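One structure is given below, represented as structure tokens, and several questions about it will come after.
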Amino acid sequence: MSDNLLSVRELVIHYETDEEVVEAVNNISFDLKKGEILGLVGETGAGKTTTALGIMGLLPPKVANVISGSVELDGNDLLRMTDRQMRKIRGKRISMIFQDPMTALNPVKTVGDQISEVVLLHDRCSKAEALRRAQEMLGMVGIVPERYRDYPHQFSGGMKQRIVIAIALACRPDLLIADEPTTALDVTIQAQILDMMRNLQKENGTSMILITHDLGVVAEMCDHCAVMYAGELVEYGTVEAVFDHPKHPYTEALYRSIPSLDKDVERLHVIPGMVTDPASLPAYCSFADRCGDACGMCRTLDPKVLDLGGGHTVKCLKYTSKWEGKTDGKTESA
Amino acid sequence: MEKQNLLEIRNLKKYFSTPRGELHAVDNVSFDIERGKTIGVVGESGCGKSTLGKTLMRLHDPTSGEVRYKGEDIASMPLSVFKKKYRADIQMIFQDPYASLDPRMNVIQLIEEPVRVNSKDLGKEEIRKKAREMMELVGLAKRLENSYPHELDGGRRQRIGIARALSLNPEFIVCDEPVSALDVSIQAQILNLLQDLQRERGLTYLFITHDMSVVRHISDDIAVMYLGQLIEKCPAGEIFKNTIHPYSRALLSAIPIPNVHEKRERMVLKGELTSPIDPKKCCRFAARCPYATDQCLETEPALREMRPGHFVACHGAEKFLS
Amino acid sequence: MSKIHTPAMEKIEKKNAKRKKPVRSTPGRESWKRFKRNPTALIGLGVVCFLILVAIFAPLIAPYDYQTQDYSVMMQKPGAEHWFGTDQFGRDIFSRIIYGTRYSLVIALFCTIAAFFTGGLLGIIAGYFGGRADTVIMRIMDIFQSIPMIMMAMCIVAVLGNGIPQLVAAIMFASMPTMARNNRAAILRVRGSDYIEASAAIGVGQLRMIAKHMIPNAVGVMIIYFVGFLAVSIMMMSSMSYIGVGLSAPTPEWGLILNDGKAYLTSAPYMMVFPALMIMITCFAFNLMGDGLRDAFDPRLK
């Protein structure tokens, strides 16, 4: 068996309503090794959260539709599993942390009860043992274990996010999916939480998918980085490769559009137009209409994922042998 | 060259009474804002930066202190006088472009509204013409006139907010986290637009944000706030090279930088922000400060000029002046 | 165009091909679209429309006069001649129920309007001005609410006698507090929104703020409560008539018809079953419609 913990293959997820079909995730494939942190970056509507929910089997029923693909955890396809089987996996083998710690906790239960509840659900043990585990977890995330009898409202935002993490890690899952875990927090608290997450990840060897829109967080936390745009994985590689030599025009433009802390820039680089609407994707490259490098073939062909060596993949026609070069710099703006 | 201050804020205080005591949201803040410049106000949530902006706008009534706008104190004048005389001069761009636009109005109605309520003598045609000019100015296509906010993306909604503020020809604009709800690629568009408008129209900005890289990019001066107080103020370039206050340094070191090779020494702070309810007379940062001494726990540090244009409120400022 | 074509897309394309022009999306149209998608809400609306038609065309539908007594057909079981049977005076119950629709719907509408313009308006005032006005108004409403509705109705009837205006007044007084509370909450929610602050920042005055920003945004929620109150009013009216403090005989009001049948419950249950069913169906329809409106106007509330 390979050392891949999770492998996602050709996953396609659509949201279907009476008026439109939103192509949220389009044919994405990636692997996650044991003990690795993968950063999933992209803007609003890029399909990051949908991908995560798809892995967790938590997509909203009826509306969301997995069109094709597979999500294999240790070789078992999660998409083929029954609800019952998935319930055993969720919380035990895969956990997820959501963006807003304020709404993720039950306000009328003590935090100790909330952590031990997960333990009791998945592990055969006594109540006392589960509570001991809960206290141990609280200590691990940097909260005095004696506070297990407190209710969520007695904690601050950063503390609540620590508790959410404690719940997620209570059963020592193999995979933790963190969806913008620090976006709602202040920078100094974010720094504390990220430090803690990195230490816990190292100690337990948990694999992690970190969803964020903050490239800085990815640079600090991750081993691999996957850039998503309009539901597609446009670039994937080690953080060193993606940050030092970004290949996809979108990734490059993204870097140039964030203000730098150490360089003075008179004007920021702008990606023209607005984020492609996943409810009406073109049949050609989704980024072509905003791309500064796009040429004629970009508006007729949909690029395939290309390996540039060393596992650095990019979904762009620029790197194919047929590339005709830039013919006109004209891009449509809004 | 003589500096011309558009705004002079002196000992401004805004307290809220809460069931748990007086909340000192803005406590004794004094600084000047130069005409045509941008002053960035940074700090974490609850530091009072938004309250400061809203107090300058008179959306909150200040508890005490002066705000001299072109020499006249606008903080103590009756609200009705302020509205008549200065409402159009001082405008605001709001943080959340999703919540700050009335969902039942379309784009043109939203942009016409400020003109309609402030210049009663203008006819329908003139108002429409003015609104269309504004749409063009902020880069909103004419075809969007009849669209409703829910149909537009965050960047365009924020453009509506900017057009609304600008249509009154203000001189001073409070930008309250105008880009923090936007995606990075859209954020760049809006920041550029704000800079262009400043250049063309000589606007003065108070730019409130929690994002240090944005504030560095757009500001001339930076003011750091902590629990209602101004703790450091200096030119923008200075703060990243010669930060003095330990809190500012912690804040800077906490920012994740999108560079895989740069591994920085991080100053991790103990504990979390409390809220400034009935604060003790001491340095408010002392409880979290790794360098706190007895003096810090006993007396409140005053704002002192440590270098030309660089003000710090810290007892140990000399020590950190490397 | 799309990356991968699915059957769902084809369906939508077919639908779009039929439509000529793309319709502009306004907040109102979005709400109607959500309402249309909700089958139970449509059933509720359908039943309500049907009842309104029945009320309007009652004379054409009803086979007999509602108050003509015919002692030759007393206490007949439901059959081909008299669909819902006849009562102890030989009156046709079906016709009485058909005419009763008029009374129920119209009086319920009056009661709700009256409650809205008293309690509702007070609630709006309390919500907008806050402070002392809020405290005074809401405490008065609390006092009102602490008097049992039936007792208040009995007092009113005892003083003023039976009749439609008295009935409307009684129900109005009973529903005022809830109406006030609901409308106050609706206004408070709008008042706390960012766009109200943003409008204040550009100098919008008090009158325009209420008329152009607060009312349009709160009206959806208010309609929801309004429809809900129609059902409550019908219930109250029927129960008051049933215990004899509402309308008086021979008005064909549903509660009264129930009351007529009370004595014959064991021997002629149909006399009570049909009016009771009518009350139930009507309230149910209003509630379904109200729930649909809530989902349509305010998808966040659930």
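The first chain written gets the first letter, and so on, giving A, B and C; residue counts start at 1 in each chain.
Operating definition for what follows: a residue touches a chain if its C-beta (ideal position, glycine included) is under 8 Å from a C-beta of that chain, and two chains touch if they have at least 3 such contacts.
This structure is a prediction, so every number in the text was calculated from the model and none was measured.
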{"item": "Chain located farthest away, centre of chain B as origin (C-alpha)", "value": "C"}
{"item": "Chain pair with more C-beta contacts, B-C versus A-B", "value": "A-B"}
{"item": "Gap in Å, rounded to a whole number, between the CA centres of chain C and chain B", "value": "49"}
{"item": "Mean-CA-position distance for chain B and chain A (Å)", "value": "32"}
{"item": "In chain A, residues with contacts to at least two other chains", "value": "none"}
{"item": "Sites on chain B touched by chain A in the complex", "value": "44-45, 139, 141, 153-156, 183-189, 191-192, 195, 210, 212-214, 216-218, 237, 240, 250-251, 253-261, 266, 268-269, 272-273"}
{"item": "Chain C to chain A touching residues, read off their complex", "value": "1-4, 6, 8-9, 12, 33, 37"}
{"item": "Residue numbers on chain C that touch chain B, as the complex places them", "value": "24-27, 30, 193-195, 197-205, 208, 212-213, 216-217"}
{"item": "Interfacial residue positions of chain A with respect to chain C in the complex", "value": "12, 14, 16, 18-21, 23, 26-27, 65, 67-68, 280-283, 302"}
{"item": "Chain A - residues contacting chain B, complex", "value": "43-44, 156-159, 186-192, 194-195, 213-220, 239-240, 243-244, 253-255, 257-262, 264-265, 267-271, 274-275, 334"}
